[in-house]
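What follows is chain A paired twice: with chain B in the first complex and chain C in the second.
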Partner chain A sequence: MAYLLFSLSLLLVYIGLAQMLHVQFGLLGIPNFGVVGFWGFGMYFVGVLQVQLSMSFVDAMILSSVILAAISYGLGHLILRLERQAILCATIAFSAIIALLVVTEKWATMGVVGLGTIRYPLRVFGAEEVLHFTLLLVFVIAAQLYLHRLHGSRLGRLMIAIRDNEELAASLGKDTFRVKLHAFTITATIMGILGGLSAALNQFLTPNMIVPSITFAVWISLVLGGKEHALGPMMGVFVTFGIFDIFIETYAPVSPEFAVLVPNIKLFLYGALLVAVLLYRPSGFLDKDTTPADILGGILRAIAATLGGVITALSVTAKGVETLAAKTKKDDDA
Partner chain B sequence: MLDVTNLSSGYGDVEVLHDINFSVESEIFAVLGANGAGKSTLLMTLAKLLPLRGGSLTWQGTDVTQTRAYDLTAAGIAYVPQEHNVFPDLSVAENLSLGGLVGTRPKDERLAEVYDLFPRLADRKNQFAGSLSGGEGQMLAVGRALMQDPKLILLDEPSAGLSPKFVDILFEKIADARANRGVSIVLAEQNAVKTLEVADRVLVLSLGQQHLLEDAKALDRKQLMEAYHI
Partner chain C sequence: MKLHMQGLSKSYHAGHPVLDVPEGTLGEYGLEGLIGPNGAGKSTMMGLLTRRIAPSTGSVTLEDGKTTHRLNPLKSHDVARLGLVKTNQRIQGFESLTIRDSLRLAATPFGQETYRGVLRDTTMDAAIETEIDAYLARFKFDDPDGFAKSGGEKKLLDILRCMILKPRMLLMDEPTAGLPDDVTQEVMKLVGEKVKAKEMTVVIVEHDLELIWKHCKYVHFLSEGAILFHGTPKDVKKNRVVAEKYMGI
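Entry: the complex of A and B
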């Protein structure tokens, strides 16, 4: 149960990161490939302040967010006027610097030895994990509601206009650079807040948590789910992290002799799904004009297809077992 | 209204426009010239999407040489580029509503006026702009510019790539906007025949130089052919 709660909390963190990336890339076209850097900064900064300076979680989170907001604002000033390729490289470089600092600045981070123990922000004996999960859930739901509101708002339309054609958007009478800079600063800071919440979730931090695969996982979730749809990030994380990392890796009914193959099978299926989506639905599961009725229909079709597959598999297996039993009986009789 | 003095402009190390001088009053002011004459560069510079390399711009008595593009829009100058002039991932209505980010009159009133001028846009208001035909896209771009309640519209080759039928409709609408809404228009075009039908004055560019500035009615066909190197 505790492991499931931990996995689901991590799933919510991933959803939160994908939601922020949706604003940055899906709405504004800013290719932030340093997601893990912003998340990792928040995670380690909150951890260091708590462990080394005995600061409370809330104080550590506020200080970390203010500093990350200033860094993101400065970074945004430097890079958001550049070409997309340059932004991509600059954000990767930012995350690499954060990962390096975590290893080298041992006086604060404890380096490869690791940093712990970080306490939960809501401390009620025996219910810390549930409360932390609830906190993350509230966070993600609030962000989702805001995303839906943003999509229908004038600001959301202006963001899409900036993504589609920034030069033309500049002739609409609004400072497009300021819109990008503010949105980048706010979303990057929220990535850091999610990092701070992850610090409490992990409780013990090591440098190998800040790896590029986290950035890639968030990007793949966004691309699979649909980068232009408000529900795309959530859908993408449910499919990638939810189905592959939680369900298949942990709960798939696989006999022990095949358990060792599960990670490889998972990667194979993950890759096959990614290739199939990019080939047949390049804009992701949810297109920009996918309606709630389409989503419901899709879910029902997926359930029907899964049930159909399971029933077929069971009937084929039952038939195979019958045939085998008949053959065995025949052999025995002979 | 708009005074252009000794304007020069270009891209990177290349200077495209050299020493251009003219002023635009309450009129349709045409900019003619062959391919590469510098028409689009001139309009982008006037919209402040390209920096001036020399000279100055004055808008309604105020020096706007250093003003940014978005402030110029708010001051009443709308720009419609030749290509990529709509936001393809937004619907027709959303494209128009973005035009309403500036201006003080109620947005619904302005929207009704644009739909009145271009009924075809009203029929397609929920359609994505990226799925419109070339002519409908141009109508949408002009409609979005009108939503900004501008005093001056910079219109870059609106007839490019359109069928003759759409060109006729579009020029009719441009004349309509000028006559009924009092909007001044700087119209860069290659289609000299249609442009001269609606324009009051004409600036002819040739290889980035100011070749001729004349009343449209008084324009000598021979001079125009010289500028086009025909």
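Entry: the complex of A and C
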């Protein structure tokens, strides 16, 4: 149960990161390939302040967010006027720098030895994990509600216009750079806040947590789920992290001799799914016009298809068993 | 609104200016035309005037009755906010926005796209909707709530987006290219009305000379990067340089 709660909390963190990337890339077209850098900054900064300086969680979070906002603002100033490829490289470089600093600055981060223990912010004995999960849940739901409003707002419309044709939007009097800079700063800072919330979740921080595969997992989720749909990030994380990492890896009834294969099969299926989606549905499961009714219909169809498959499989097996039994009986009679 | 060019030039390779205008004024006569052969530098001039392209030398100033604005330090969006707007020669658009949304985007006053506004319902503004409805009643689209489908619709949408910004000075870069004839007539009628009501001054870059002679009060002739002649349509038609260099007579 505790492990499930941890996994679900992590799932929420991933959803939060994908939501922010949805604003950056899905709405504004900023290809941030340094997601793990912003998240990792928040996680380590909050962790270091709490462990080394005995700061309270709230103080550490505020200080970390202010510093990350300043860094993101500065970084945005440097890169957001550039071509998309340049932004991509610069954000990767940013996350690499963070990953490196975490290893080298041993006086603060303890380097590869690891930093701990970071306690849960809400300390009610026995309910800390549940409360932390609830905190993340509230955070993600709030972000989701805001995203829904954003999609139907003037600001959302302007963001989409900037993604489609920035020069044209500017010629209509829109301050496109300002919109991009502010949105980048805000979303990058929220990625850091999610990092700060992850610090307590992980309790013990090591540099091998700041790896590019987190960035890729968030990107894959967004692309699979649908980068232009408000529910795309959530959908994508459920399909990738939810089904593969939590359900299959932890709960699928796999016999011990095959258990070692599961992570590899997971990666294989991840890849196959991504290729299939990119080939047959490039805009992701949810494209920008998908309605809630479509989503519900899709889920029902998926359940029906699964049930149908299971029933067919069962009936085929039953028939086979029957035939076999009949045959055995016949043989016995003979 | 008037535009002054002073020593304005643009060269991509040193010593080979694409445009070189020692001095010039646009917008004194309400509706003006800018003509010239292909490669004369017409679109470059439009780009320089709206700050989409940075000049190599020289300056542009915008005279607005009482105040004079230097455009050189400004960004593209600042120029639009002063009321100087340009329609595009090549088809430009927002592919994810419907025709109506595209017009709403343009009609939304500058800086009203706020984060707090996301929480209030501000997408629909009665005044803006009425204005958009009026434009859509006058100019027919196949499906105004859908996307612009043909090149003609996209071009028309580009022009309407600029009109709905209520510019004080409008530069039109080849408005008729790609537009059906009847739509062109209607656009020119609308432009004529706005100019007559002194709501805006207009400069039209065009190859369709009939349109220029019919609507423009004053015409500038641009060739090989320089304004070679300017005058009333009658004078320009009679001018030998224009005839030789452009009309091939």
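Here is the rule we go by: the second predicted complex is superposed on the first by the 318 of 334 C-alpha atoms of A that agree within 3 Å, B and C clash if a C-alpha of one lies under 4 Å from a C-alpha of the other, contacts with A are read in each partner's own complex, and residues count from 1 in each chain.
Throughout what follows, contacts are C-beta pairs under 8 Å (C-beta built on N, C-alpha and C of every residue); 3 or more make two chains touch, one makes a residue touch a chain.
Just so it is clear, the structure is predicted and the values come from calculations on it, not from any experiment.
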Combined model on chain A where chain B meets chain C, clash or fit: clash
Which of chain B and chain C A:150 touches, first, second, both or neither: second
Touched partner set for A:289, first chain B, second chain C, both or neither: first
Contacts of A:158 with chain B and chain C, given as first, second, both or neither: both
Chain B versus chain C as contact partner of A:176, first or second or both or neither: both
Chain B versus chain C as contact partner of A:243, first or second or both or neither: neither
Partner chain in contact with A:168 - chain B first, chain C second, else both or neither: both
Per-residue contact with chain A, leading partner among chain C and chain B: C
Contacts on chain A seen with chain B and repeated with chain C across the two complexes: 154, 157-158, 160-161, 163-165, 167-176, 228, 288
Parts of chain B lying in touch with chain A, wherever the complex brings them together: 47, 49, 68-70, 73-74, 78-79, 81, 84-85, 87-90, 94, 97-99, 101-102, 128, 148
Residue ranges of chain C in contact with chain A within the complex: 50, 52, 75-77, 80-81, 85-86, 88, 92-97, 101-102, 104-106, 108, 110-115, 117-119, 121-123, 161-162, 165
Of chain A, residues touching chain C in the complex: 146, 149-150, 152-158, 160-161, 163-165, 167-176, 179, 182, 186, 228, 288
In the complex with chain B, residue positions of chain A that touch it: 154, 157-158, 160-161, 163-165, 167-176, 228, 288-289
